[in-house]
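What follows is chain A paired twice: with chain B in the first complex and chain C in the second.
Presenting the complex of A and B:
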């Protein structure tokens, strides 16, 4: 208790700075609803919700919402102190996207979201087993996990089936909750960066880059363009091996052993390239605060390009073969369909959202990515099924390949390409000094990165420019998990589950934190 | 470090021959591996899964993944043991037939890594079940995992089947 009081007095100054962004919790929820929810089904949502949840500043939990206007890149912050009885209006009543985070908030801080449609415990899965929702004759309950077939992360699923038909699926996560956000508090920036790298091992760059962006914003530090180029390059390298992995798993789920083996081979070659360049196959330590990786790009360029070219040749060949294998395509068409209205309702991100035809991509707004020839990949069908998720990943692989080549060019020649060609039409950021055009409260920062699975967001508060006072993490999969159960029970049968699971390619560790 | 081995990593051929002999003696030519993630960040899973890709192809040594712990000879554990996974780990271990081996993979499984101070964490794997071999690394490379499995087999304690 004493500790908390000391903590509070140190933050009085910060507290004063935050007055202008303070509001009541009801105002905050109304503000998010006003800015984020689509007015009608034809309109795109006006702003993206980057983070919604709670922060423990300075001593009591506060609500925090961070929004971004996708066109101008303007980030807006709002804090709210909950009333003394801890009852706050629930955002999930208006917007299902907030459902899981409010359940977590309720269990962690005791703040009760009043009117929450499904207020059940989400943490401590060992104590609260799901009970199921379907009743009636012929209903069969099949529990799966947390230890399940193959080498996979730990998570639990409760299937409720009638015959082959999946009527309802309830995923239960947080078996691996390590409470990384609390571990980060009072850590130095360097130590917290290590934690950020280990939120989700296969999204190391996305999380560490988001963390560094947030810390740099809190420190009001401008990042040299060479560092931005190199970070973007690591990010695309990470996307390449993740997409190869996801497609290998998808081929495996559909029984395509050759496709699986060959795409796993592509992944291994890319991991080895990462290891040769940075010393870590998963690019740990490659994103640093205010420093590059000290790679002499002009020396390694030809080798990198030849590895990428070989990988690209194999990837293109075998994804083409898969695409023209009727037994493979048949398993994917219409499987695990994500309805278009779920994209807005759940704030979906990443390849899962793009497979529905929604142009959601954080790289849209970054000048570095524009410079490197980024363009958004949307499948022509836009049905949101497993085949579209396959297509999106194949398309993105090729875009990432091109981006890496241009970034290599930039890193070797050190001068910017002036011609961004046909991608000029995409919205460009207003600010040229920082990728995130915003004015955060003093000591706070936000980092937004498009990882392999979608938008990764880190929100943090620094104390004396050295230590972390608050750290909040929103991984890409956190947005998508609530939809996973809906997509699985959307007219699929039991044997479709492995295909749907592989086509989503979600991270458990990134959601559990 | 992994448990002490008489063969340096470089002498791969010798190691392979010796292990194949050990495998034949104890497990009749093959070992079934059950992997369990008790709180890792997914990098260890990625490396363990790589064992079955064409580069490492651990099937050539007679090693296979099995979906059920009841068919498993060896339990490959990754990650720091979280509170929610402690009983699951015990249940998985108890479901395995004897003789059984346990390999702890990655720094988190060894001593908790950077998560060891979390209040949601029980601790390293050997706080819950006995461990036969430790594989360091964050994440350990597939070769290191293979080396860990092989040294666990080679240095297994003498047990009778009716233990």
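Presenting the complex of A and C:
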């Protein structure tokens, strides 16, 4: 099968699309492998896998892969109908990143990925107790969770240790499966947006923004640039409080009580600012389909800037103190190291990938840099340990601060947002405004957003431009979770676990959906 | 001194440890939060927690052995027995003073800790198991230092009875040997009472805790006894640190109730200073990696060794 780029033109019927985009499942897997795996260790992979999984399209489950070229931004879609016996070749044999999603697919649809290296149930974890992987003298199995100390989400971890040394860690998540993807089907766009906001509380903006982007693409509509600025602003506000929270957790895990308390205070001040601006501390309702949040930016600008400046001063002071505390640095350096070859093998995203030297950031790849007229400085570090994840988050905080100032400037000097109109006034189709996107099959859309933990991707199909027919969600943490277990058992001892846990700062709900 | 007065003074010593140890911990907790920029809990919060625990139900694991049941009582009683042996409030020895020296005190406290370890593992929780092994690891590094300190003490003061030791140290007027031993014993105090940099007393994360992990199975009155015993152990070791190793300043010189009253205030003030030092340490450095605890205690051991050498060559 040739590498077919799908350019579904507007005047074709849906059936024509199907013809062109359908291929056998083996071809689809070969196509993903060909594009997403690096040829050798020195080369970068040619494309990012945005989504891989199944959709019930049009009625029976189909395999779907969505790829994007990170340089040109070209998005390519491909569907494949599985054979009647439901046996599809496994992508995970070539690429471990697909392991969890194939297990979920197998358990949900019955499609069996043939050759999957670790085909275990992943949903309904309460029914399947994990068995250990390590045998031998002195091996000790230690369960942790699903209910843990402090306010943490539900997740079960099976540690296999010899003394303090962790030999293997098996994370078992999916305790909070709500099946949001199915809930959204046949809902109106407005209702589905509410669902998207609730995928993961700390990534509300990322998920709702990705949903809106996908829905707008499916509707062949575009939104005014001012709305994009405002969405970007909310996204950075979300990143700020998330990074403050993650660093506070890290300080707490290392026993730095003052740093923890002060960074938690920074987070609280930001949450209150969010609450004052939008009425929701976690920014629910801030991203709307083709509409702004009705904030008069020129009136609130000085207040926002003073709160941000105070938060920035406190954050900078206490992260500097942490950086110069030998016990803190010693606790972090070399802890929970992520090996560089795991970045490609698992398609890592977000601060975890950037701490391994990979410059992956959807903000740099999408249209935001042209919109705001500047380039985002991508802070990366090379060692991939907890200290680098700390450093990357600190640097990203400063980048986000700069972005927010710039966006505030644009929003205040731009047109009055209340006069830009709702997007439904814009004519359709306007595919020419997306020159770098290959057009998706009719009715489909993809939204890509760099959330606080990395790339959030929503893939959806609209029916009659009103209802959701298909909805697939890939949160940032779902790429990183499989690596978490590897990083914990990478030469660490049990007391390192809280530090590693805090330095990853992953979301359970965003993975589980 | 009449026997009646001696019994009164002894009882005051016991009550001083028993009743004020939660307050000292409560003040420490409040100051620590205050430094973090918070209001902090009431200084009487530890008493409230104890009262709450005493009113709660006691749950015992089905397969818990007898060691599990007796451990809280022994852990609670050990510091009180040691309080009979050491100069808590008076410079003059009371009638139990010669029943045991500092080594005996160490052994009695060690018995309490050891019983708690055995009791915790008898409960069957895996966390109690890892807490106990970690606590053993910490003890393994602190006990040689403690012995070295005691050797240095006996070399330099020619005594191991606490009432004699502190008078001899008072005459040494802050000689290098004295200072080194205070530093070494302070490190032991930090490790034995589970404070930063050895353990983080305010952590709730199962996998990083040492002391708190041991008592995972205990509940209700048992847990209250362990918590209370912990505060008393910390205070008794603090008494050794402040009144024996550092200075007998403030202790009552005459067997009158008035003198003892002023001694109560003075010793309490010394503990406030100790609280302040601990708050300063806990707010400025983090918890060490588990294996670095050995290096920390090696530093304390080095102080003790230097003290021994200085004593032997008679500086």
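Everything that follows uses one rule, which is that the second predicted complex is superposed on the first by the 463 of 513 C-alpha atoms of A that agree within 3 Å, B and C clash if a C-alpha of one lies under 4 Å from a C-alpha of the other, contacts with A are read in each partner's own complex, and residues count from 1 in each chain.
Note that in this section a residue touches a chain if its C-beta (ideal position, glycine included) is under 8 Å from a C-beta of that chain, and two chains touch if they have at least 3 such contacts.
Note that the structure is a prediction, hence the values are computed from the model and not measured.
A.B. asks: May I ask you to decide whether A:255 touches chain B, chain C, both, or neither, giving the answer as first, second, both or neither?
C.D. replies: After superposition on chain A, A:255 lies in contact with chain C alone.
A.B. asks: Have a look at where A:265 lands relative to chain B and chain C in the superposition and call it first, second, both or neither.
C.D. replies: So A:265 meets both chain B and chain C here.
A.B. asks: For the overlaid complexes, name the partner, chain B or chain C, with more touching residues on chain A.
C.D. replies: B
A.B. asks: Pick one for A:175: touches chain B only (first), chain C only (second), both, or neither.
C.D. replies: In the superposition, A:175 contacts chain B only.
A.B. asks: Between chain B (first) and chain C (second), which, if any, makes contact with A:509: first, second, both or neither?
C.D. replies: In the superposed model, A:509 contacts chain B only, not chain C.
A.B. asks: Between chain B and chain C, whom does A:150 touch in the aligned arrangement: first, second, both, or neither?
C.D. replies: So A:150 meets both chain B and chain C here.
A.B. asks: In the overlaid three-chain picture, which partner chain does A:137 touch, first (chain B) or second (chain C), both, or neither?
C.D. replies: neither
A.B. asks: Have a look at where A:498 lands relative to chain B and chain C in the superposition and call it first, second, both or neither.
C.D. replies: After superposing on A, A:498 lies in contact with chain C but is clear of chain B.
A.B. asks: Of all the chain A residues, which ones make contact with chain B and with chain C?
C.D. replies: Residues 148-150, 261-262, 265 of chain A touch both chain B and chain C.
A.B. asks: Please name which positions on chain A make contact with chain C in the complex.
C.D. replies: Touch list, chain A to chain C: 140, 142-144, 148-150, 164, 252-258, 260-262, 265, 325-328, 330-331, 493-499.
A.B. asks: Across the complex, what residues on chain C touch chain A?
C.D. replies: 32-33, 35-38, 126, 130, 134, 196-197, 200, 202-208, 282-292
A.B. asks: Write out the stretch or stretches of chain A touching chain B in their complex.
C.D. replies: Those residues of chain A that touch chain B are 124-126, 146-154, 174-180, 182-183, 191, 194-195, 198-202, 204, 245, 261-262, 264-265, 267-268, 271, 281-282, 284, 507-510.
A.B. asks: How about chain B: which of its residues touch chain A in the complex?
C.D. replies: Listed in rising order, the residues are 34-50, 52-55, 65, 67, 69, 79-80, 82-85, 87-88, 92, 113-115, 117-121, 138-139, 141.
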